[in-house]
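You will see subunit A twice below: alongside subunit B first, and alongside subunit C after that.
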Partner chain A sequence: MMGNVTLLEFLSAGQPVVDHRPFPRFRLDGRAWRAMIEQMAAAEWSVMALWGEPDEVHVALRDEETGDIAVASHPCPEHRFHSLARARPSAIRLERAVHDLWGLAPLGAEDRRPWLDHGRWPQRHPLAAHPLPPAEQPHVYDFLAAEGHGLHQIPVGPVHAGIIEPGHFRFHAQGETVVRLEERLGYVHKGVAGLLAGKTIDQAARIVGRISGDATVSYALAFARAVEAATGCEVPPRAHWLRALMAELERIANHIFDMGAICNDAAFAIMLSHMGVLRERILRANDTMFGHRLLMDCVRPGGIVRDLGPEGLHLLPLLLRTLRKDFNRAVTLYNETPSLLDRTTGTGIVTASLAHRFGAGGVVGRASGRAHDCRRSPGYPPYDDLDMAVIEALDGDVNARVEVRIAEVRASLLLISQMLADLPKGPVSVALPQVAGEGMAVAESFRGEVVVWVRIGEGGVVERCHAHDPSWFQWPLLEAAIEGNIVADFPLCNKSFNCSYSGHDQ
Partner chain B sequence: MIPPIARMLFRHLVKGPHTLRAVPPPDPDGSEELARALGERVRERLGRSLSIRAVDAGSCNGCELEIHAVNAPVYDLERFGIRFVASPRHADVLLVTGPVTVNMAEALRRTFEATPSPKWVVALGDCGRDGGCFAGSYAVVGGVDRVLPVDLHIPGCPPAPKQILAGLLALLDSVAAK
Partner chain C sequence: MSAILGQIGQIFLVVALAPLITGWVRLVKSRLQGRIGASPLQPYRDIYRLLQKEAVVAHSASWVFRTAPYVTFAAVWLAAAVIPTFTTNLFLAPAADLIALVALLGVARFWTALAGMDVGTAFGGLGASREMMIASLAEPAMLMVSFSLSLISGTTSPAQIIAFILGGGVGIEVSMGLSLAALIMVAIAENGRIPIDNPATHLELTMVHEAMVLEYSGRHLALMEGAGMVRLTLFMALIGGIFAPWGIAVPGANAVGVVVGLAAFLAKCFVLATGLAVFETMIAKMRVFRYAAFLGGALLLGLLATVFLYVSEAV
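Moving on, here comes the complex of A and B:
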């Protein structure tokens, strides 16, 4: 392949798959798949998600120049496919997971260690057409070595000291300085992809809303939009706006609590208390307005479950006012406490080149100069009707990630004010057509871009569904961010990323 | 110039803590009474000290968020002498969330073994009872009682802070009855 080919031009050489909406999907044979990998070395196509089926591997790609999104599928009846990992390091862990779950082996991949599979499941390759008998004993994970005088290892987890999710971190340290951090995840793998196959849309929505409970609205939204795309369902405008309202409330609640927790890990506990109070106000308002504190099961395919009543319309402006006032106080406190800034500035730097190479989104990417926000590109309603800037910072340190969060909370507060002013009237849900089809959708969670792909069969049953968490492209950067920092700053760095364990492992 | 932290601390001194302000008196939903009852039980039965170790054995992180909420100033669990500790070796109670995943079962068992007796296990959330919507997966063992002896189950998806307070109260009652 020569020259500057766009993603869609390139893939259109493959066989288009009908009934895949709104983004096209193309089936590539072995040669075209390899050509695509070669082309990726030169082209600016980033991996959005990579997943399997018993005899096929799929990769969702975004052309960073044109903004186009497409899915490339490669049938592999021999259960092997050429690895993307050399062109895109972000695919390494995804391919290891595809091998663990579906038994499709990435050819040419250097890292062949199992990822989600700890050798404990009742079957190997549990989602393959023919799963293998279980491993004889749990795998001993072969951590990468670090050699040198005076190096020591610090194993941490899976059960951590705080009230957080489980995962294992292996530090190689020299004195206080971290030489290498390696993550081992997969502890909270719940087999979601397996569970979703064969479920009704309602049952599946309930499970998808619990892939990562803190981002439940965004997952439910991505799933609902994927199902609506697959079935050709048109959602009433008011539902779009109220979904976005919930998504922004979720973003604010998580961002402010993260900001509190980051400061707490820099031994500045008053911020956590202050933010805990603000967060509680939002959760109580959520409960009053939509009937659930975390807004679980409030967004469903076809619309939303409960309309915003007069009580909510009365409550929201009051909530916005007190949030704005108290949040500004907290920001002043942050900006005018030098001992705190001393801990966050220059700590845990992620370079812009790494953020781009891994296609990292969310706060992590935007704090390192990768200004991607899927509310803007590809965009979805109602954000096209709202004033919204994509926040960006360049320093890539803990402080930059705090600043991006601060700016995003302010932006979300503004968005909610706009939504309140222009909220359309009308119904908030429609019945889903009972038709088969394939759909894909993205939604910007507080962590970044959630991707959901779904295939609906006859009779409204979910045949296959895959959900991709933004943390896949952020966890590897944490390993890079901590290098050369002191061990005691790890909680600070980790919290400033706040990657999902459950969303990643699912 | 007065530093902002001084202003904030002064405001709390003058206006009182959030804990009292945020629970609406005379409290239509009963959480104030609940909180008071919980405080009294802890004092009389455990001498003002109950240490909890939270273990996520596979949860979606929803239950953890609500545990954070009972810990935050509005509910402020620590005012009753109930606190979350960093090690199972310091704990009286293991508060376990999630459907227990196959990959976490051993870690959970080891955490239990590391906890000194007498000890109690509380399963938090609907997943902790029977695996919830994740039951039946190849990667999920099921409820917490498939791995550990459970003394109490707090329902909810996730349980609201009020339910968590009520659950801990019930645990203290059952501790006394033993």
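Moving on, here comes the complex of A and C:
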């Protein structure tokens, strides 16, 4: 089956799963699964997420041409499935994680090393039906080699000199030039998938909102919308708008702080101070308007927790005006500091083809010409009613990622103005029906798209839930971006990506 | 005041004042970044704290690692002791010249780099290799500056150069301006300041000086940090003394002259320290491979300063 077949046409050959909303889910047998992998080599389908269950593996795919999303499930009672890695390199680490957690082995995968499991867990394959006893001793990780005259290794982390999350980076360098970088992650694995099983929806919402704390609104939003899809709950319009307002505030706060942090890594500390002040203004306004500085637990399935009062409506325009003015000043400072531009321009280039192959979203993808923003896709209220453009840059370097952030902050400020002008009236939450079902949702966080898939059982209990962080498809690109650059530019590249360790390792 | 008294005063002054100057630079930078910042006395407390602490030494460290802080500090201290700060009337002045100064700083750097490599960590080696790259570029520039200064004044002794300039031997001279620019650039590199190195960074991969001393703790670290502070003071004394020698006490000065000399030195240090802080706030760190362009510029300026001397003589 070759040629221009769309994702939905192709998958509909499988057995459709009822009660999976809003995107369809199909169960594929071994032959259909292999055919799908073959088809992927020719088709423009990107992997959105890949996760397991004790006897089944799921992959969420998006047809880049039609924009359709669907889930393909492959029952594997023998705990083996054919690997997608040859067709989609972005699946490599996901499959390694699936093997670590659920004990489902990817067949034909070249990289069989464990990923999240460092051999220090109390049991192996903890989410499998029958977990195995723990490893006798921690794994010795087999880093990829680089050989040549004058090459040396620089191991960095997992404990760093600054207060950042843990991750190990193994550099092979020739003098100052990086020949190969390999990441090793998984140090902050928290067993989220295991934690979520069997929790009530409210408990699960709190956990999902903490998977990656800086994107808490986006995670909570994706989870809430997945649960609402699963239970067929209709959320009032005002709740959609206020959720979007929170998401944009979160985006602005993170983007401006990232911009400050990038400049700080080039020893231009004053930008971080400026941006720190701006971010603090947003956080304080968040606290006044919604009762939490980072907006944690403000979005919940069924709506939002607290309506925006008159106080907030008075505060927001003032906040917007200050932000616009001060942010413009900071952007001018950035653009008028040649020593800084010299560091960011041409550094850490991610090519467009790589960004497309890995399906990288967020700033990383958009700075390399992958103009994808799921806020623009249909069925993502309230953005259908708002005027927004997808930001894109083509250079793929650190400067492009800064420029995309700058443009996105401005776009978000405009979005908030529009939201304030047209904010619908009415209630902000409804009671959630206590019905079973499966749901999936996508939310655009400041990093890219967060995918949450959930299965609600009878009595409103979360049977299974999987949350996918956008960093999964960005971390591998960082390895590519630094190649051929100098060692000292790594912090700059890394900060311009700002991938989540916690969201990835969950 | 006798030369011996002046010398003793000088020896203790540079060490006593150095943390304050570093603290002042940090304070001004904090204020410029909108932070309150720590008191300028904080470096004294830091050094006191480090001296109280146990010095942890890596198992793989040899005697080089343990000796390096003492050698480094001693070399820098000796260098700072012979550069006139508040008086040119120094007992050691006849023995000191700019070439010896370059050599002493070279000794300090050599030992620090050795210590960085001695432990065998990747960062120490990385820092040492970068430091040596900077040194190989900065030292010729520094020597070039010394040559043009000594050609102008006919001596390589800082005390005599200052005396010569104070005596009105030099008018406004292009060579002096070029030398000043070159010396400032060398000073930035030698002291590991932005844009060459960031003394405040926590990013191991970008460090130069900090990477070499990353393994040090306790009194060893105190000595290494102290050496850095004294080095900064030394360069301020050198720049302030040669290019703005006004107020410095000369041999035969009375008590008032000495007090004026001290006040002038303090004033110069604080002007230079404030200038450094402002400069560091306004500029980002440069790429490692741009060091050659920056320090090559310093070398070129030094060379031009020398060439201009001959050109102006010929005219």
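Convention: the second predicted complex is superposed on the first by the 504 of 506 C-alpha atoms of A that agree within 3 Å, B and C clash if a C-alpha of one lies under 4 Å from a C-alpha of the other, contacts with A are read in each partner's own complex, and residues count from 1 in each chain.
Everything that follows uses one rule, which is that contacts are C-beta pairs under 8 Å (C-beta built on N, C-alpha and C of every residue); 3 or more make two chains touch, one makes a residue touch a chain.
Just so it is clear, the model here is predicted, and its values are computed rather than measured.
In the superposition on chain A, A:502 makes contact with subunit B only, not with subunit C.
Contact with neither subunit B nor subunit C is seen for A:476 once the two complexes are overlaid on the shared chain.
Look at A:361: by the touch rule set out above, it reaches neither subunit B nor subunit C. In the superposition on chain A, contact is made by A:266 with subunit C only, not with subunit B.
Look at A:342: by the touch rule set out above, it reaches subunit C but stays clear of subunit B.
A count of residues in subunit A touched by subunit B and by subunit C gives the higher number to B. Of the two partner chains, neither subunit B nor subunit C is touched by A:396. After overlaying the two complexes on the shared chain, residue contacts for A:369 are found with neither subunit B nor subunit C.
Of the two partner chains placed around the shared chain by superposition, neither subunit B nor subunit C is touched by A:52.
When the two structures are aligned on the shared chain, A:487 is found in touch with subunit C, with no touch to subunit B. When both complexes are aligned on chain A by C-alpha atoms, subunit A residues 161-162, 270, 272-274, 277, 337 touch subunit B in the first and subunit C in the second. Residues 118, 120-123, 126, 138, 158-159, 161-166, 186-192, 194-195, 203, 206-207, 210-214, 216, 257, 270, 272-274, 276-277, 279-280, 283, 287, 293-294, 296, 329, 332-333, 336-337, 500-502 of subunit A are the ones that touch subunit B when the two sit in their complex. On subunit C, the positions that touch subunit A within their shared complex are 29, 32-35, 122-123, 125-126, 129-130, 194-195, 198, 200-206, 281-290. Of all residues in subunit B, those touching subunit A in their complex are 3-5, 8-9, 18, 22, 54-69, 71-74, 84, 86-88, 98-99, 101-108, 111, 132-134, 136-140, 157-158, 160.
Of all residues in subunit A, only 152-156, 160-162, 175-176, 263, 265-270, 272-274, 277, 337, 339-340, 342-343, 486-491 touch subunit C in the complex they form.
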